[in-house]
Structures are given as C-alpha cells and as structure tokens.
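Here you go, one structure.
Here the chain labels run A, B, C, D, E and F in written order, and each chain numbers its own residues starting at 1.
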Amino acid sequence: MTAEDQSLIVIALLPFLGALFPGVMIRAGRNACAIFTALPTALALTMLLIHAPQVLDGQVITAELNWLPQLGLSASFFLDGLGLLFAGMILGVGLLITLYARYYLSGDDPMGQFYTYLLLFQGAMLGIVLSNNILLLLIFWELTSLSSFLLIGYWKHLPEGRQGARMALAVTGAGGLAMIGGMLILGQIVGSYDLTDILAAGDQIRASEWYVPALILILLGAFTKSAQFPFHFWLPHAMAAPTPVSAYLHSATMVKAGVFLMARMWPALSGTPEWFYIVSTIGLITMVLGALIALFKDDLKALLAFSTVSHLGLLTMLLGFGTPMAAVAAVFHIINHLTFKAALFMTAGIVDHEAHTRDIKRLGGLRTLMPVTFTIGTLAALSMAGIIPLNGFLSKEMMLEEASHTDWAGSHYAVPILATIGALLSVAYSFRFIVHVFLGPVRDDYPHKPHDPSFGMWAAPALLVGLVVLIGLQPVLVEPLVKIAAGAVTGGDLPDFHLKIWHGITPALYMSIVAVLGGAVLLAMHAPLDRIWIAAPRPEAKAIFDRLMGVCVGLSRRITEATHDGALTRYLAIFVVATVALGFAAWRGGSMPAPTRGLLPIPPMAAVGWILLLVATASMVAVHRNRFRALVVMGVIGLTISVGFVYLSAPDLALTQISVETVTIMFLLLALHYMPKSSPIESGAVRRVRDGVIAIAAGCGVGALAYAFMLRDTATIADYHLANSYEGGGGTNVVNVILVDFRGYDTYGEIIVLGIAGLIIFALMEALLSGPAARKLRNTDYSKDRSRDRHPLMMVVATRVMMPIAVVVGIYIFLRGHNQPGGGFVAGLVISIALLMQYMASGFAWTQSRQRIEYHAMIGLGAVIAGLTGAGAWLAGRPFLTSAFGYVHIPPIEEFELATAMLFDLGVFLTVLGAVMLMLYSLSRIARYAGETMNVEPMDYDPSDRTRLARQGEN
Amino acid sequence: MIEVALLFAFACFGLGLLMCLWRLTKGPDSADRILALDTMVINVIALLILYGIWKGTAVYFEVSMLVAMVGFVSTVAYCRFVLRGDIIE
Amino acid sequence: MIVLAEILVSLLIVIAGVFGLVGSYGLVKLRDTMQRLHGPTKATTLGVGAALIASILYFTIFKDHLSFHELLITLFLFLTAPITANFIAKAYMVRHIRAKDLPDTGGEYGWAAYDDPPGAFEKE
Amino acid sequence: MEIVVATSVGALTAAGVYLILRLRAFAVILGLALLSYAVNIFLFASGRLTVNQPPILSPYGEASYTDPLPQALVLTAIVISFGMTAVLVMVALGAHLESGSDRIDLDKPDAGEDEALEGPAQ
Amino acid sequence: MIHRIIPHPILSLTLLLVWLGLVNTVSLGNLLLGAFLGLTVPMLTGAYWPNRPRLRRPLVVIEYILVVLWDIVVANVLVAKIIVFKKNDDIRSHWVNVPLELRSPEAITVLAGTITMTPGTVSASLSADGCSILVHCLHTDDPDAERDGIKQRYERRLMEIFE
Amino acid sequence: MNHWVIAPVILPALLAPLIGFVMRHDIQLARIASVTGTVALAVIALGLAALAAGGSTEVYYLGNWPAPFGIVLVLDRLSALMVLITSVLALIVLIHAIATGWDARGRHFHALFQFQLMGICGAFLTGDIFNLFVFFEVLLIASYGLMIHSGGRERMRAGLQYVVINLAGSTLFLFALGTLYATTGTLNIADLAVRLQEIPAEEAALVRVAAMLLMIVFAVKAALFPVQFWLPGTYANAPGPVAALFAIMTKVGAYAILRIHTLVFGPGIEATDGLAGSWLFPAAVVTIAVGAFGVLGARRLMPLIAFSVVGSMGTLMIAVSAFTPTATTAALYYLVHSTFAAAALFLLADLVIARREADGLRAQPAIVQNGLFAALFFAGAIAMAGMPPLSGFLGKLLVLDALRAPEVITWAWSAVLISSLMTIVGFARAGSLLFWKSTAIEAPAAPEGEGEGEELPTPAEPANAGTAEIAPVMVALAVLVMLSVFAGPVADYLDGTTAQLFDREGYVTSVIGTETES
C-alpha cells in the first residue's frame, strides 16, 4: 500500500534550497545565519512528521520525477519505516547540531560556509535515505563524500584537517566508486534501477552469477562509509573537524549511511552464507577492535570515534546475522546509539570548549566545576556502557541475545565470546570516560579554568540524554517506530516481540554481567595496561595510508614524466611505428584482387630522373647536418619531381611544385641565416639504427601501398569533371576548373590557410622583437666573412629588365590559367618571385622605400574578394561559389572569355602574393633588427654618378 | 630522323644531368654544388624543349620558362647566402 | 624542302645535345671551380640556344603555326647566365682566393667582393 | 614506371621519417618537406599514371586524359603544406631565438616543484 | 612629359614583344593587350629603375648583337675543343683585369654579360668603384691580348651605344 | 537549398580578414567585431540546431554541382550540435580573453580566433572527406597561431612540437586520402558509404588500410594513446583561453571518428567490419590510464588539467569504440560535458595562475578571493572527476551503462571507475594545496621551494577578478548544471542524433538521392 505525494521531493530538496541562504545571511549576523539554517531543517522535519502517522501504520509514501529515463535514472523517492527513522535522525540531530554549532564556532570561523556545507551534507544524507532509485542513491552517496570532505577540511589552516578530509574522501570515494559498479550490476540483473523493484527481486539477485561481485562491491561502499575494519582508520582522523561535525557526521549520520545501506539492501542481498560470513565477521572484528583501541585513546574525541567504530561494527554484525530479530536489535540500537553518542560528542565538545583540552590525561575532577555537563556526560556514558536502565542496556541485551545463539563456522562459542569481550571493552572505555574526566580531585593545571557553558550549548545534549533515560524506562514509546523500521529492513515479516527491560535470566544477562564487572576490572588496571599498549607495536594506519598515497603519487609521477618528458622525437617514433603496425594489421585483415593494369615502360630519361631522385634523397639524409648543402640537394629533388610531373601529364603540378619549391627554399635560407649552420651528431649509433629501421619500414609500407593501388583500376568521379569542365565550368584546363569551380571551396580554405600563415608569421615576428629574442638578435653578429658587395651593379641592372618581364609572365600565367596550365596561385608565386628578385638586387628596405605595398591589405583583399565572389551567387539564388561565365566579342578584337571563376582566382592570386610577401617582410624586419643598415642607393655604387660629380667639380 | 636526333639529344642531356649530379654530390666547394644545380636547371630546360618537340605539343613551354626564371632566382639566392648570409638584406 | 628542314632541325638538335653534354662534361672534368664555371656557359648558350631554334623551326614548319615564344627563354637565359656566373664566381672567390692573389684593379678601390664601395661609410 | 614512382615515394618517405626523428628542428623541417614531397606524389599516383595525356581539353577530336582530380588535390596539398612549412620554419626560428637552442625535444621537467604530499601532521 | 608615361620606351617595346611571345600568336587583341602591359607594367616597376639610360646609334646595336652571336658560335667550338681534348695540366687559366672607360651601369653590365657569354672568359667581379672588370680566362697564352680583344671588340661599340 | 547552412563558415571567414587587416591597429574595434561575430555565430548555430532538430538532413551543394562531384555541406543533428557547442564555447572563451587582456598580448588574436572558428565549423559541416582535410588544416594553422600567441620561451618550444606533430598528422591524413581515393574513386562521404558497401571482404585489404590510417589521423587530434603525447605539453603551455578553446579541438577528432567510422566504415560494412572498434577500445582504456596517472602525478596546475582532458578523451572514446547507438548517445553526452568542464577549468586556472607566482602545485600565500576561486575549482574538479551533482557523473553512468558487453565490461568499468578515483584524489590534492594550505601561510612569508630553475614567476596581480573575468567560468559551469538538470531532454536530442547517425541509408539518400535545383 503506497501513497503518491510529491511533497516528499520538497522534503528531499529543502536542505539544498536552504544551503543558498547561510552564505547570504551571515551578513545579517550569526544568529540570523543559524536561524536560516535551522528553518529549512525544521520545515523538512515538520513535513516529515506530518507523514509519520501514515508511515507508522504501514504505508509507503512515494514521489517520482523523470530525470534521465534513457539511463533508468529518475528522481524518485519513497518513505517507509526505515526511511522515516533515518530521515528523522538526520533532521532532528541536524537541528540540534545547528543550535550547538551556533555557540561552538568562534567568531573568526566563517560560519556562513559552515552552515552551507552542513545543509548540503544534510540534503545528501536525506537523499540517501529517501531515494527509491539506486542511481539517485549513488548520486546522494557521492554527495555525502564531497560535503563531508568540505566539512572535515573546514579548518583549512590545520594540516590535520586537510589531511583528514583528503583521507576521508579517498576512502569513502573509493568505496563509492566500487558501489557504483555494484549498483549497476544489480540494475543489470534486475533490469531496473528502482529500489522497490530490486528489493522485490531478492531471489533473482541471489541466484544470479553476478551476485557475489555485486555484493562485494556494494559492501565495499558500505564498509568504507561506516568505517568497518579494515577501513576504520579514516574516521579518527576525520575528528580534526569541528566537534559539531564529528557529532553529526561521525556519530549520527554519515557513518550510519553504510549501515543504512546494508539494512536497505537486506531483502535483496542478505540470507546467503556469503552475506553472513562477510558482514557479520567484519562487524564482529570491527566491534572488538574499535572498542579495544577506544580504551587506550586519551583524546576524548578519538575515544568516542573508536567507540563509534565499535558500535558500527556491532550494527553491521547484527545485520550480518540475517535474522529478523537481529534486524530489530540493529534498528533499536541505531536509535539508542544516536542518542547517547551525539550527547557524548557534544559533551566532549563542551569540555574542549571550556577546558581548552580534550586530553583525558589533563582532565579529571570536572564533576564539581561543571556539574551539568557531568550529569549529561555520565548518563550518556552509562548508556553507552549498557548499564540498566538506560536505553543502551536494552539494545545491548538484544545484541548479546542474538549473538548467544549464532553459530560461526560450526562453533557455538566464537560469536558469543567475542561479543561479550566487545561489550566488556565498551564498558571499560565508557567508565573511563566518566572516571578520568569528571571524577577524581579537581586539578589546578587545566589549560583554562572550566565551568558549565551557557544553556544554548548544553540544551541539545541535555535533550538527548533525556531521550536516553526515557527510552530506557519506556521502550514502548519507540516500539512502533522500531517495528515499522525493522519491518522495512526485513521486508515485512517480523516475529511478534516487545521491547522491555527485563527478559528474565537469559544467557545475555550473564554475558552483560560479565561485561560490566570485567569492564570495571579493566579500568582499574588501566594504567599498567596503558603502558603495555603504548609499548606494544601496532600498525599506524595514518602512516600506512600516507605511504600508500606517496607511492601512488610518486609512481604516477614517474610514469607520467618518463613518458611525457617532451621528447618529441620519441613521440614521433611511436607515432610512425604505431601507424605502420596498425596499417599492416589492417591490411592483413583483408586480401587484394588481381592486378588490372599493365605497367608503363621505363624510358631511359625516366631512369635518369629516378637515379637523380634516389641519389639526391639519399644524400639529403647523408648531409642533412650540413644545412646549406641539404638545401641545395632539396633544390635537386624539387626540380626532379617537377620534371616528373611534366612527364606524367601534370603540367599544373610541375608549375606549382617548382615555384613553391623556390619560395620555400628562399624562406629556409632566410631563416637559416639566424640558425646554426650545422647540426651536431647527437644520437648514438643504436638510436640511428633504430630510426633507420623505423624509416625503412615506413618507406616500404608507403611504397608498397602506392604500388598496390597503381596496379588496379577504380571507377572515379573524375569522368564527370572531364565531361563538364568546358560546358559547365567554361574552362579547358580541367585541373584549374576543379580548383576554382568544382572544388573551389577547397581552394577557398587553402588560401585562407596561406593568409593565416602570413598573419602568424607577422604576429610571431612582432612577439619575437618585443621579447628576449630581440636582445639576442642585437647582440649576435651574423656578419661573418661576407663578401663586401651587398647590391652588385650587374644584378641590379639585370633585374631592371628581368623584373618587368617576370611580371608580364605572371600576368600571362594568371590570365590563361583557366584554359591552359597556370592560374592564380602560380601567378601569385611568379610575381612574388619577381619581387624577390628585386629584393635580392637592391635589398628589401630600399625596395619598400621606393614603393610601399600593404601586404596585410593584400591578403585581406584577396580573401574577401574570393569570399564575396562565392557569395555573389546568392544574389542569383544559387549556392556559394556557383560560377558564371560568358564569351565577349568586341570587333575587331577576337572574342575572349569572362568568368566569375577568374575573379575568384584573382582572390587567390592576391592572397598568395600578400602572404608570401608578408612572410618575407617579417623575416627582413628581423634582419633589420639584427643590425643591418638600410641602403639609400639601389646599388652599392653607380660609377656614372661619380663621373657626373667629377664634371660638376670641374666647371 | 628527328626522332633519332631527339633520342641522341635526350641521351646527351641525360648523361649531362648525371654528371651534374656527380659534381653536386662531390663538391668540393658549395660554389661547385650551386654551379652543378644551375647546370642541371639548364639541362632540364633543354630537355623540356626537346620533349615538347618529341610530343609535338607546346603545353610544356610554360614549365620550361618558369624553370628558367626560378632557376635563376634560386641560384642567386644560394650564392647570396654564401656571400652575405642574408639573401634579401 | 621538308627534308631539308628535317635535316636542319635534326642537326640543331644534335648540336644542342653535343654542347649540352660538353658543358656538363666540363663540369666533371675540369680541375678547379673557376675553370668549371666555363662549362655551363656553353651548355647554356649554344646547347639550349640550338634546341630553342630547333623548336621554333619545328613548330613553324611541321606544326604550321608560327612559334617564337622559345625566344623568350633564350632572352631569359642570355640575361641571367652572366649574373649567375658572376655570383658563383664570387661565392668561390671569397672563400678560396685572397685579394692579393688577384691582379690589381689599377684603381684606388679593390675588387668589389673584397673592398667596400666608395662612400660606403657615409651610409653606415 | 609504376615501380619508379612507388620506389621514389618510398625513398622520400623513408628519408623524411628518418629526418623527423632527428633532434634538431632544422632536420625535422627538412624531413617534413621530404614527407610532403612523398605524400604529394603518393596522392598524385592515386589517379594512376599516364604519359602525355594532360587534362587540358583539346578542341579537336576524342583525346583521352589522365584523372585530373588527384592533380587538383595535390595542388591544394602543396599550397597548404607550403603555408604550413613557412609557419613551421618561423616557429622554429622563434623557438631558437627565444631559447638559444634549436633542439626539438624539451628539457626534462624540473623536479620538486611541490611537496608530493603534505607530510604527516607535525 | 612623355618620359613620365613611358619611362623606358625600349622596355615597353620589349614587354610588348614578350607578351606576343607568350601568347605565341599575333592578333589585334593581343597587340592591344601587349601594348597596354608595355605601358602599365613599367609604370608599376618604374620605381625600381630611377635613371633613364638613353640608347644612341641603333645600327651599332644591331651590329653589336651580330658580332656577339658570331663570337659565341665560334668561341663555343674552341672551348669545347679545350674541354674535351686538352689535358687538364695543359690548360692555362689566367685572371685578367680589364680597366673600363664605360661608366653607365647598363653598359658595364652588357659588357660583363658579353664577356661571360663569349666562351673562354667569365667576368668574375667588378672593382668596388666599377672601373674595371676581373675576367677569368679558361685558357690563354697571352692575357693582355684577351684584354685588348675585349676592349676593342666590345667596349668600343658599347661606348658608342651608351655614352 | 538553405543558405544558412554555410553561414557558420562564411561569417568568420569574411569577418576575420576585416579584423586582421582593416582593424589591426585598433584592438577595441577588433574586440567589438569579434564579439559581435561570435554572438551572431551562436545565434545562427542555435537556429541551425533547431532546424536540424526536425530530423531532416540539410544538404548544401557548393557551386551548385551535384553530389558526389562537387563539395557538399551536410547539416544533420550531429553537425548542428557540434557547431552549437563550438559557438557557445567560443563566446565564453572570447569574453575571458578580452576580460583578462590576453587578446592584447600579441598581434592578430581576434583574426586568428575567427579563422579558428571558421575551420572548426567547416570541419563539422562538410560532407566531403578531402574538404575535411582542408578545414582540418585551417583550424590547425589557426591554432598554431593561437598556441604561440604572445610568445615566450616555453610556449615557443611547446608550440614547435605542436606544429611538428600535427604536420606529421596532416601528412598521414593525405596518405590515407590517397589510398581511399585510389580504392574508391570518390571523396564524397555519402558516396564513400555507398562504395564501401559494394567492396567485397576479399578485396578489402587496401581500403582497410585507408580506414585504419584515417582513424590514426583522427586519434592524433583526439589525443588517443599512443598518439596523445603531444597534448599535455601543448595545453599546459598555451595561453589559458586558448587551452580552453582547444577543448573543442580534441572533440573534432572524436567527431570525425564518429562520423566516418560510423557512416563509412561503420557497423554492417563487411569490408572494414569491426576494424575501428577493436583497436579503439584498448587505445581508449590506456588513454584513460595515462590521464589518471598524469592527474595524480602532476606537479603543476595546467598539466593537471591537461591530463584530465586526456583522461576524459579516453572515457569519451571508450564509449565511441562500441559503435552502438546507446554508447554513442553516452559518448555525445560526455562529449558536451567534457568540453565545457575542461574549458571551465582552464579558464579558472588562467585566473588563478595570473594571481600566483607560478602554476606550481605548492602552497603560496593565499591569493585574493581565495574562497571564490576555491569554490569554482571545487566545482570544476568534481565536474572533471565525474562526481555529482554536475553532468560528469551522469555522463560516466551513461558510459558505464552502455558498456555492458561481456568482453569489454571488466576493462571498461575498472578503467573508468579507478581512473575517476585517481582523478578525484589528484584534484583534491591540488585544491587543498592551492587553496587550503595557502591560507595557513602568512602573506609576506616566502613560498617554499622558490626559484628551482623554473621560468620567471609571472608578476602576481593582486587585483580582484571582475565580473567579466569570473562570468565565463561561471557560464561554463552553469552549462554543466543545465546539462545535468535537463539530462532527460538533452539525452532525447542525442538519441535522435545517434539514430540519424546510424541511419546510413537516410544520409546517403538525402545527399546523393536528391537532385540540385537549376
């Protein structure tokens, strides 16, 4: 019987909404801040209590919002007994903590932050206990880790705080991730992430082969959260947090999340030997171990922390037993532990706050100085010890009762005895809390003279202790809650039972008597035992954790820095090797059809070219250290390749190749002037052999690939281009038509690339000349044994004729490009080369001074012209780059063609010219910076001038 | 008859190219290498002209002209690098 | 007539080949760089020149359309060859020949590669 | 002829790869230039080899032409690689001027910039 | 005035011819276009050719060209002989200093070019003040004769043309 | 034909030259133009996304040539989505660059920025494989310029490496394209898909090589092992805003693999059956590990973030490698998430480093607004580490949920889960060192480990970060919040996207099937 009620969502979200306020309200003062923290909590609590009756008579309240259906994640909540119990605890204690913290936090602690974190955490916890979708639960689960990280690290300036926070995050985070895996597996088994579905599918889950992995992963999450052995070590270190945090997270709520989860999943996961042995054993060990450590802790909070560990172990053990009554006991003890432990933490906080120390060895005799605190503390401690008639006694009796008839691997005694020892130890440390802190003589060496705090601070613990006594005397009051919660845990069927103090003479009674007496004795001989304990060697969890972390970080760092050390050459080697290997693997995966093409003959001239290319390539490798020689060799290679293109019917390629070649070499020469002229031998023989092998492998791969496809025909789309070049594109040079029309968009991108290159080089030059490089340039002398004539007369004169001719040639190549080899790009390069000629003859500075050309503008203009030409087609409603052309005939001139493609090509032309020139300009700027003077005359010396001057001298 | 002559000429220039290559790799001075490259360029031009005759097409004319122009510029550039370091000071 | 033309063209082509070869051969055979410099100038002038004339005749006679663009290349080469030779010579000299091993200019200034031009210092 | 082209591509690639594995920026530049030659020929060859069939439509008669598309692609590739090379050269020059060395690999990261972990609570 | 429009008439003419050479056909359209280029291009590049050398005596120009061409043919054969048949040890190369009367840079350049193009001699360098050319002779027994030959055959004519 | 399809390319392509050449002396004018253009781009992208949401595939025939002979642009939900992400990210980054004055520390920032956008949008929109190459080059060369923007020793050297590795990549791209054209005779992606279906398995050797080479090319961009080495050095040395913009660059690689290896070489193509996935998966797993180790071992803030980016790419690609619709949806969701997460972190890091002496992960006197930056860093960190409530967690769940195949589940899940733990711990370390421990140090006290041969400390500006500086980070984080709050609707859109992506026939018919008008 379920009831839909969306207000559940409001309850779940209230804390998060509330979290927005403290940060703001802190400006209005600490009280306002506290109030605005309390309000949402109180509101949520009231809303919860409104639902309580329904839930208590067995209803389950649900609410659902779609979130990510693709994943089966929905914001769906449900409130059953167990949920009610925990939600009540979370909100109730939250309220008390808010009050307590208001007085606990000192003036210079950022209170707004604290309350914000607190509310975030509260919301996360609330979410966990109300989620009806395990993915949603996971989200809240992780949120508790995060928010507790913030809370524990609240005192940023304390290293303990920071480390404790990080440790808690690491451990619980790890658990959380494991749990994600477990939950996803559950979802897979059941086919739904809805908790109700999963709880209903217990048998299916237990039957699945994925059961054990899922169980282990989920338990990892639970154990880490609930500080179960061997993950118990983080909890004490989390105690660096302010006491309110410890009281809230580490007694009442977060650490119980693990217990809650086990209780929640009980119907789905429990009832198998795996469950029993893992859970109960871990619980048992934790209980005893925690208690033992607690006994010897001198820091009040540490003592309480380990006692918490121990009690969580107790709960875990009970859930591990897997019997309904054990579940009842667990639920009941959850309530009791909450009451006395929260009270104790607050007491410890008060003591700390008043006496300015939490060290038991420095305390004692506070009974007379702070009677109220004493009363509260004592009652709570007695309950923790399980002394009749306080509530601790009742649940401990039930625990011992369950333990007394639990067999463990066939033995009747293992569990009962260990359980008794656990109880005994907890009696001991509880008594110690009372005796060593409050009893005994008043001392005069407290760091600060203690006295009872203001009401506001002891109100909260007092209230809790009230509950301790009340529940102890009248357990019936909580019976319905326990019943319904336990019912929720077990999934309904509970034996009829009643919570009462007196169960008659039972084994449990004997066990607890033994425990109490033994505990007293143990306390009596604490001093000697303590010495033994201190002397005894034992693993220091923190140290181990730190070392582990150090190792992980160190290892990661070594791995990372060994592989990512900026050795580009290795990166490239790996790149090439991987490529060759994978390419080969891919090739192996299929086979090839028989060759369909015959081989072309190799005429002698081709053979000569072949030799030229191979020899040049080889010598390039041989002489690459002598950089200038390498560049000369490069010239040979470029020349050979262009001739090859001519032979293989690609005149356009030949034109482009040869002109690009030249400009590139120019550029390299210009740069080489400022770089070392030779590379030293740096790589050893082994390295060179290795590289050689890699290189040859790559070469063979590529060669084989090319050879393979050159022997086989494929139908290509190019027939269309051949067919439509003239009619559709208005040009007979199909390559050019492809460039400016069929694939003009490529060319557009390509000239953009050139334009950008120009820009970058310019920007880079500017950056260099305004950086340290400028100093280097100024201070280095680049003029070693140079010839004394900078601008030889002959060159200057020859250029005066050559340059105009070259320009005309450029114009010619541009104009005919559409129908014959050529086009805007080559034309651009030819003109640049013409200008280069001029620069080499008379120098860049002089040439520029004679006639300033704005290369920036030229690039921009080119790019824009090309772009607008393409966009012009829009006016005709055609897509970008749609071309138009027509033939003009003005008698008596023979007809000629006009095409938008040529306008586009003009854009190409301008961009190329501008880009190349801007690059050269940038480099010559550097030259000027390197201290080169600018010549005022076109040539070094003009003899005719001298004679003219002479004549003037005569007359 | 012209074919024969052409084949002969091809052979000559081909041989010439190889000789240039030899000089280019042997050096000894960078001037020799530049000279060798320049001579290669000239041989290539001749070859292109002859190839045009061989195929009876003028398509390859631009290439040879461009090679001539470009060859000049790069030769000067190489020399200027040796002579002055900065080629367009 | 056609036969004559054929003979003429073939002859020119052969001449081109021969001189091209000789030019390159000089490059291999001759002893020092300055001497080698003489080789290519031959290949350039007569070799390519002959080939170009052959081409002109061939296209004008056999492909019967007046073709004279080969002249451009000739013009080009005639303009550039001296400059390149001059540069290469200097590139060699500055590294291997000391000024005093050269004949004196007879004027107050030395050879361009070795001596600053008149008034060079006003500019600096 | 195919074997000529294939071997040439292979040789250029091998040389290029060897050079880009050198330790100096300039060698790497040369290597990349060779690689760009290699890839241009490779791309060109993907249109298969033909002799004296340039894709220049002749007004008269049914001539056969080579595949023009790869030629166009190669042109684009040449231009782009030209721009790239130019930038590369300039960046290399910049790196050399800024750092005083034209080594291509970075120096090893200097250790001890931070504490590996905060030491145990002092 | 006319100089401002046509700074270099000969250049303009050359460019027209170049254009016709490029298109390789003579037609009205190309003539016009060529003429247009012949006018505009020099204007664009004129900035790089500040002074305006004048050519006198066009007949001498033609004569000069013919002389040079003839010398090229003849000398080529001679040099080819030297290269092919002479043993390296028998080749006697010489540096020759040719003092110049020519002053115009254009004239000096043409002379230097001529020296290089006529085989057997390569003009290696000018003097810093451009008053003499350093010539390298591949093989000669009488360097002075070479010098006088150059001055007589070429420089004299160039003086008439340029100065 | 809808001319708006090409607007995302043409707008920046025309704007950039104007900025670069007309306004190059007036930074203010350039800023205005750049921002205006980017806003316009975002608006257009939004419109296109809305258009594509209809499920139709818009094809734009450039030059009015019919496919596959001309170049086509294809706007489907995927490309629209990518363009939208790009424009939004660009706007965020641009504001940051202007607010922090990065754009004025060198020449031509805005021109290069616009060109960068042109390249990225072009790459996302094109339906032609060679044109994809061209636009890769456009975006790459622009990125070179941005990477070395404002120079500096370390940056120049890292920039050089970035350029070299990418040039090698481009070369490989061309080898791949050559092989592809030689074996299929076409460049149009739709046409390729058709022809691949016709190639029988026993004749597939060459085309398989092409497919593999292409995948490696894209892997370089996507920073997948073993070609991820370049990324940390590059991103760590790039100017903050540029690094943030680069968050989309890695996604270009991911996009290309999604597009090409789903549509052309994808499921059901017997010639290249299972080729991509079988290699992508292990590569992705290792990449995740590389990222995790890097984050945990990082000495400095920028590398830390850079490595987390590597890790996120691994997670993204591990989902891609499944080539199933659900996994692809997950991948896309994670793609969007990781883009903005990385951007937020890089922008934040830039603000923080500008106020510290160096980006070493060591305690220094607390910077101004320590609390604010700490909070923002915390948010960014949990986003990157995939913790709730930000979208990273949902993304991770989606990925894990999609990788259930028995042969992958173990490796995939352990890789993702363990790596996120390492990431969490790494970021926790960093945060606590940067923002918490620093509060323990008095302002005048000299930071320990001073001057260990590190580059000159950037002068710490005490200036408070203004709204304009904080806003971009905030917006990026806000996107993440939206992404997780509205995960349902987003996932719906992505489901549609995936469906469209896997509908090979639909794509082919809409590109080749239809005739061009005129």
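By our rule, a contact is a pair of C-beta atoms (placed from the backbone, for glycine too) under 8 Å apart; a residue touches a chain by one contact, two chains touch by 3 or more.
A quick note: this is a predicted structure, and the numbers were derived from the prediction, not measured.
Asker: Listed by label, which chains are in contact with chain A and with chain F?
Answerer: Chains touching both chain A and chain F: D.
Asker: With chain centres set to the mean of the C-alpha atoms, which chain is at the far end from chain A?
Answerer: The chain farthest from chain A, judged by C-alpha centres, is E.
Asker: Taking each chain's centre as the mean of its Cα atoms, which chain lies farthest from chain F?
Answerer: E
Asker: Count the touching C-beta pairs: is B-D or A-C ahead?
Answerer: Output for the comparison: A-C.
Asker: Could you state the distance in Å from the CA-based centre of chain D to that of chain E?
Answerer: Distance between chain centres: 43 Å.
Asker: Could you put a whole-Å number on the gap between the CA centroids of chain D and chain F?
Answerer: 24
Asker: Could you give the separation in Å between the centres of chain B and chain C, each centre being the mean of its C-alpha atoms?
Answerer: So the centroids are 11 Å from each other.
Asker: So how far apart, in whole Å, are chain B and chain E when each is placed at the average of its C-alpha atoms?
Answerer: Result: the chain centres lie 22 Å from each other.
Asker: Would you give the residues of chain E that are in contact with at least 2 other chains, written as numbers and ranges?
Answerer: 18, 22, 24, 109, 112-113, 126, 128-131
Asker: Could you pull out the residues of chain C that touch at least 2 other chains?
Answerer: Within chain C, residues 18, 25, 37, 39, 67, 69, 72, 75-76, 79-80, 82-83, 86-87, 89-90, 94-95, 112-118 contact more than one other chain.
Asker: If a residue has to touch 2 or more other chains to count, which residues of chain B qualify?
Answerer: Where chain B meets two or more other chains at a single residue, that happens at 10-11, 17, 30, 34, 58-59, 61, 65, 69, 72, 76, 78, 80, 82-83.
Asker: Taking the touch rule as given, give the residues of chain E at its contact with chain C in the complex, in rising order.
Answerer: Residues 18, 20-22, 24-26, 72-73, 76, 79-80, 83-84, 88, 91, 93, 95-97, 99, 109, 112-113, 115-117, 119-120, 122-132, 134, 136, 138.
Asker: Any idea which chain D residues touch chain F in the complex?
Answerer: Against chain F, the touching part of chain D is residues 20, 25, 28, 32, 35-36, 39-40, 42-43, 45-48, 69-70, 73, 76-77, 80-81, 83-84, 87-88, 91-92, 94-95, 98-99, 104, 106, 109-115, 117-118.
Asker: For the complex, which residues does chain D have touching chain B?
Answerer: Where chain D meets chain B, its residues are 52, 54, 56.
Asker: Using the touch definition up top, name the residues of chain C that touch chain B in the complex.
Answerer: Chain C reaches chain B through residues 6-7, 9-11, 13-14, 16-18, 20-21, 23-25, 27-28, 33, 36-37, 39-40, 43-44, 47-48, 51-52, 54-55, 58-59, 62-63, 67, 69-70, 72-73, 76-77, 80, 83-84, 87-92, 94-96, 113.
Asker: Can you check the complex and tell me which residues of chain B touch chain C?
Answerer: So the residues of chain B touching chain C come out as 1-2, 4-6, 8-13, 15-17, 19-20, 22-23, 29-32, 34-36, 38-39, 42-43, 45-46, 49-50, 52-53, 56, 58, 61, 64-65, 68-69, 72, 75-76, 78-80, 82-83.
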